[in-house]
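One chain, chain A, appears in both complexes that follow, with chain B as partner in the first and chain C in the second.
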Partner chain A sequence: MTTQTAIFRIDGVTKSYGGVKALDAVTLEAGVNEYLSLLGPSGSGKTTLLRVIAGFEAPDAGRVYFQGRDITNVPAHERGIGFVFQNFALFPHLTVRQNVAFGMANGSESISADETAQRTQAVIDMVGLTGMEDRGVDQISGGQRQRVALARTLVMQPKLVLLDEPLGALDANLRGRMRNELRAIRERMGVTFLHVTGSETEALAMGDSVVVLDRGRIIQRGAPDDIYSNPQSPDVAHFLNRFNMFDGVLSAGNFAGPFGTVAAAKATRALRDVYAIRYDRLRVLPVSASAEGPALKATYIANEYLGSSVMNFFETTDGKVVEVEHHLSLGAPEIYEPRQDYLLTWAPEQAIVFGREGK
Partner chain B sequence: MSDVSVEAKREGPSWLILPGIIWMALFMVVPIAMICYVSFWTQTTFNISSTPTLASWKQFFASDTYTGALWTTVRIWLIVLATTFIIGYPTALFVGLFVKSKTLSTVLLVVCVIPFWTSFLIRVLAWRPMLGKEGAINIILLKLHIITHPIEVLLFTELSVIIGMSQIYCVFMVGPIAFMLGRIDRNIIEAARDLGAGFGRIFWKIIFPLSLPGVVVGAIFVSVMVLGEFATSGALSGRKVNLLGNIIVTQVGSLKWAMASVTGVILTVVMGMVIAAFLRIVDLKQEL
Partner chain C sequence: MESRVLKPMLAVYVVAFILFLYGPFFVLGILSFQQGPDGGPQFPITEWSTYWYRQIFGLTPPSRIAPLPVGEALIRSLILAFMTMVTSTVLGVMSAQAFRRKFRGSGVVFYLIVLGMMVPGVLTGLGTSLLANNVFDITRHWYTTAFATHVAYTFPFAFLVMLAILNRFDGSVEEAAWSLGVSPWKTFRKVTFPLIFPGVLSAMLFAFTLSFDEFPRSLFAAGGTEDQTLPLAIYGTFSVEIHPNIFAFGVLTTLFSFALLSVYGILMGLSVRRARKLAMQEEIA
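And now, the complex of A and B:
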């Protein structure tokens, strides 16, 4: 992506609250018509980043550019960037139609009443709220409120929409449905979405590109499948919530961990030595079996049924919980005896190794 | 059938409202009924009998003194309502919305209440040395050479009554409005800004409508207290301003129970109409 097609760019943005750095020299850009999801744990500075881009907070240092223009000192209401709030922030005393029309009726540019009515109706139809126009916003469901929030922003025809955990206030079922709708609506409008979330599944499912933020810094950016299969640091692997992580020592191409010493031909450079193996890459053998690869003795504790897969929990001798995922498409799950020892094994080439001597 | 049992279950045992009913009956329904009844009694100079007559009612509406008091009451009420709103709303806006720290806004509200640490009468009488011909305000203005002669209209006029009442009742306007403003989700204001609205638009379209229940509650507080006033007008007007409350006090003092009752009934009706009118503006049950 080149600077010419970038819709927005932030350059070395730093923001502190009472000495604590919420954003530490963050540089990020997004292209036209792109879905960018920003993944980070709570306190990683992701909401602050959105608020700086929207203009609700001024950065301590760094510049914000939008459509090639420096907007660092432009007030929020003159930026033309849409913002969808986590709790939707609908105007409680107005109807659905009045909420959606608010920006056109009260914005700086004057839009005729006819055009306002027509654009309002068009966007209400698009988000699927036809028939609800005259309801109060406290008389509609959570999913419908989410649509009103989105319609209210989209009707202003912004080139960039910032979404602050937009699905966080919805129940799981609705979240799945809104996920698809958000993508469909965005594709229809052809605008850039910057979607902030603390949920790794949401970030991976929705973004054309995923940015991982931790302690005010961007620690990785890439396509969802690239992030998922090649996390660049133990922290990214940790946020993905799909890896068993073991501390140990990496030296001369060998990783010494609780499972013995294993050859680690390929290692990623990181500040600490960590051995990561995905939940669904582990195999469970009887304790008496002899494994070819690395093996870890662990006690079976319990399992959790997840619909398409079963998650088995094991405890190693030093008290660490190891998760093993069994996809039900691969056949019925094996039944394990609680409090019995098993042998966990995996193919060493499927592990991701981080270490100080990695490349 | 099942609807009935659900209804009964939700309402709980109905005898729980008995203390409330007894209390309200004893201290509100019975006294008001009594006043209405007594207003039709026959009053002679030294005697009162329960023979029903309309004489006191006719006398009230025939006399310029009484109808004049009614209009003075309404006029002063409207002026004080306006001044408390004009002074109180910006104050509440600052305390409830612009002050970001919750602690500071609580401290500021407590500061508003500090005058209430002294008794009502002291607060009223304290205005005399302030407003008098040789009072604090005139002395300061003279010393600053802003005026050459003391301003005499400050005390013992309608103006002094309005100044006194505005100061005393302003906080009842500030409190409810600041409370409603404090409850507004800040994200809503940011959302309006993000949609391109400037401060003026945000205030008139979002902030003011959302604070309206607070304005109505504050206005009801101020109205009820100002309409029933007699002490401030008595102490600061030198008996020149007579409100309905002052009429009642005088009539009771000279044992004219029937006339006092007529005035009392009229005052109650006026208050009832005022409150009903305010409640029409906002559905408080829904808003609070």
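And now, the complex of A and C:
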């Protein structure tokens, strides 16, 4: 059962390794020309999910559909799904050109030598490796290897490309550039990408849609801004790495935490009671000031300069570290005295409250 | 302090080791240049000559010492070693490939294979000859029964070499090939095999040399005189009288082995480049 627009769909896929469930009844669908980011901590099953879709692993239960066809039992080389590996997995004994042409030269489809050469050159030009064709893959840089891996996959013109943390092995600068290139390539070629990543910034920046995976289950799916502003569970908020999270007790519309009891007008249903405030929603006041909203006394420890913003670290009386982000576009950061107490305050309606009695 | 004692001791040990390793060969090498046909297999050298080398190739006038009956045995041994090398290496690669995935009873199968190199050769040879004579009633030949024992003996070596190589092999390059639409068999030929080739070369070298000078298994498993392999033929000449022609022949076979090793070394050197590339790739991972 697949919809017209879905390029692939997995249905109730379960996969265990020695009794541990890497995937637990995962159902997921992606449309044509969609860029889907899969975010999850290591061990959340995201790589296993890609490997099941690619056909490198067989699921214990569930079905995999691709272009309207049940491919659960189709071997990997007959699926027509591209896969870009975290370590790139280039063929070390071949040149850049031979790597890119490999699928066309050795696949079951018979493609003429002329066409192979032509398509190989076109895709090498596209990823910007012109002039490197005859180098060995050990004679090029990390970023260039990544592009060979991508070119090798794209030249086969797959309708679905699985990316297994392909930017993880690159330095931050290159990662940013490759991110832009990936987006551009995709818009040119009309391919559906399924991108696994452990980096929340990458997931939010790249995906049309972000899927958050935890312990083999999908815990939220949505547009990046939706996930960012409305995490559905404390775990999602935690993975986004953008929230200060306080444990406490939610009862009758009030949240009792380390900052006293605060009214919580709306709460999201969750298994535990958690009060989450985004890093950039906190304001710092002198300890003597009287705050309008809820307030928490904390000691300033240190700061970290992040380029476009400054992250300030405070410690509460019970030893919890609270992070306060100051965007530099809002003006020069204030200077805080180390080991001095300050008052952290926020507007209660900007907090996200999770609790057993939430809706 | 420690190194002042330890280092000279180790140095002495190494010298002694090399002496024991090459000493006998060195002595044989000298004696092979003994005067002939009257010079015996002992010092002193009455006169330096290449008589015994010429005698092996039948370039000397007939004398009371018969030429070594090794011509056909040598051919037999070379063919047998080649057959064994090909068979054992193919089996070794295939079985090591199978062991990349755990399967039921893999532990038992592993020990059954490795047993082939543990079991005393005389027993294998004797057992094979009894089996051939009394159970199956087939005639023993160097290319049948002896061949089988040689494979049983060298296959575990090839298997272990390939197992070690494939253990370090990163399977993601194979998966990459599959995801490009290349069938598993073609992937093996175009990706896996070129990358494990250094290991295959080592397995081949092991199988060939082990088979070439294999004695106890051939002794029983090969048939009569017309089935003698080289080690058997040489042994046969010992029982009569020893002449320096055996030493000369020993020097020649050793040179042949060195030639073989050189070919191995050259081929290995060529594939080191490849291995270095592989190592680079592992670093990224």
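The definition used in the following text is that the second predicted complex is superposed on the first by the 357 of 359 C-alpha atoms of A that agree within 3 Å, B and C clash if a C-alpha of one lies under 4 Å from a C-alpha of the other, contacts with A are read in each partner's own complex, and residues count from 1 in each chain.
Here, a residue touches a chain if its C-beta (ideal position, glycine included) is under 8 Å from a C-beta of that chain, and two chains touch if they have at least 3 such contacts.
Since the model is a prediction, treat every value here as computed from it, not as a measurement.
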When chain B and chain C are modelled together on chain A, clash or fit: clash
Dominant contact partner of chain A by residue count, chain C or chain B: C
First, second, both or neither for A:R152, with chain B first and chain C second: both
Touching partner for A:Y336 - first (chain B), second (chain C), both, neither: neither
First (chain B), second (chain C), both or neither touched by A:F313: neither
Partner chain(s) touched by A:G142 [first = chain B, second = chain C, both, neither]: second
Residues on chain A lying within both footprints (that of chain B and that of chain C): 54-56, 75-83, 85, 87, 89-93, 102-103, 106-109, 152-153, 156
Chain B to chain A touching residues, read off their complex: 185, 187-188, 190-198, 201-202, 205-206, 209-210
Residues of chain A touching chain C in the complex: 54-56, 75-83, 85-93, 102-103, 106-109, 136-138, 142, 145, 149, 152-153, 156, 169
Chain B contact footprint on chain A (complex, rising order): 54-56, 75-83, 85, 87, 89-93, 102-103, 106-109, 152-153, 156
Chain A-touching residues of chain C, taken from the complex the two chains share: 170, 172-173, 175-184, 186-187, 190-191, 194-195, 274, 276-278, 280-282, 284-285
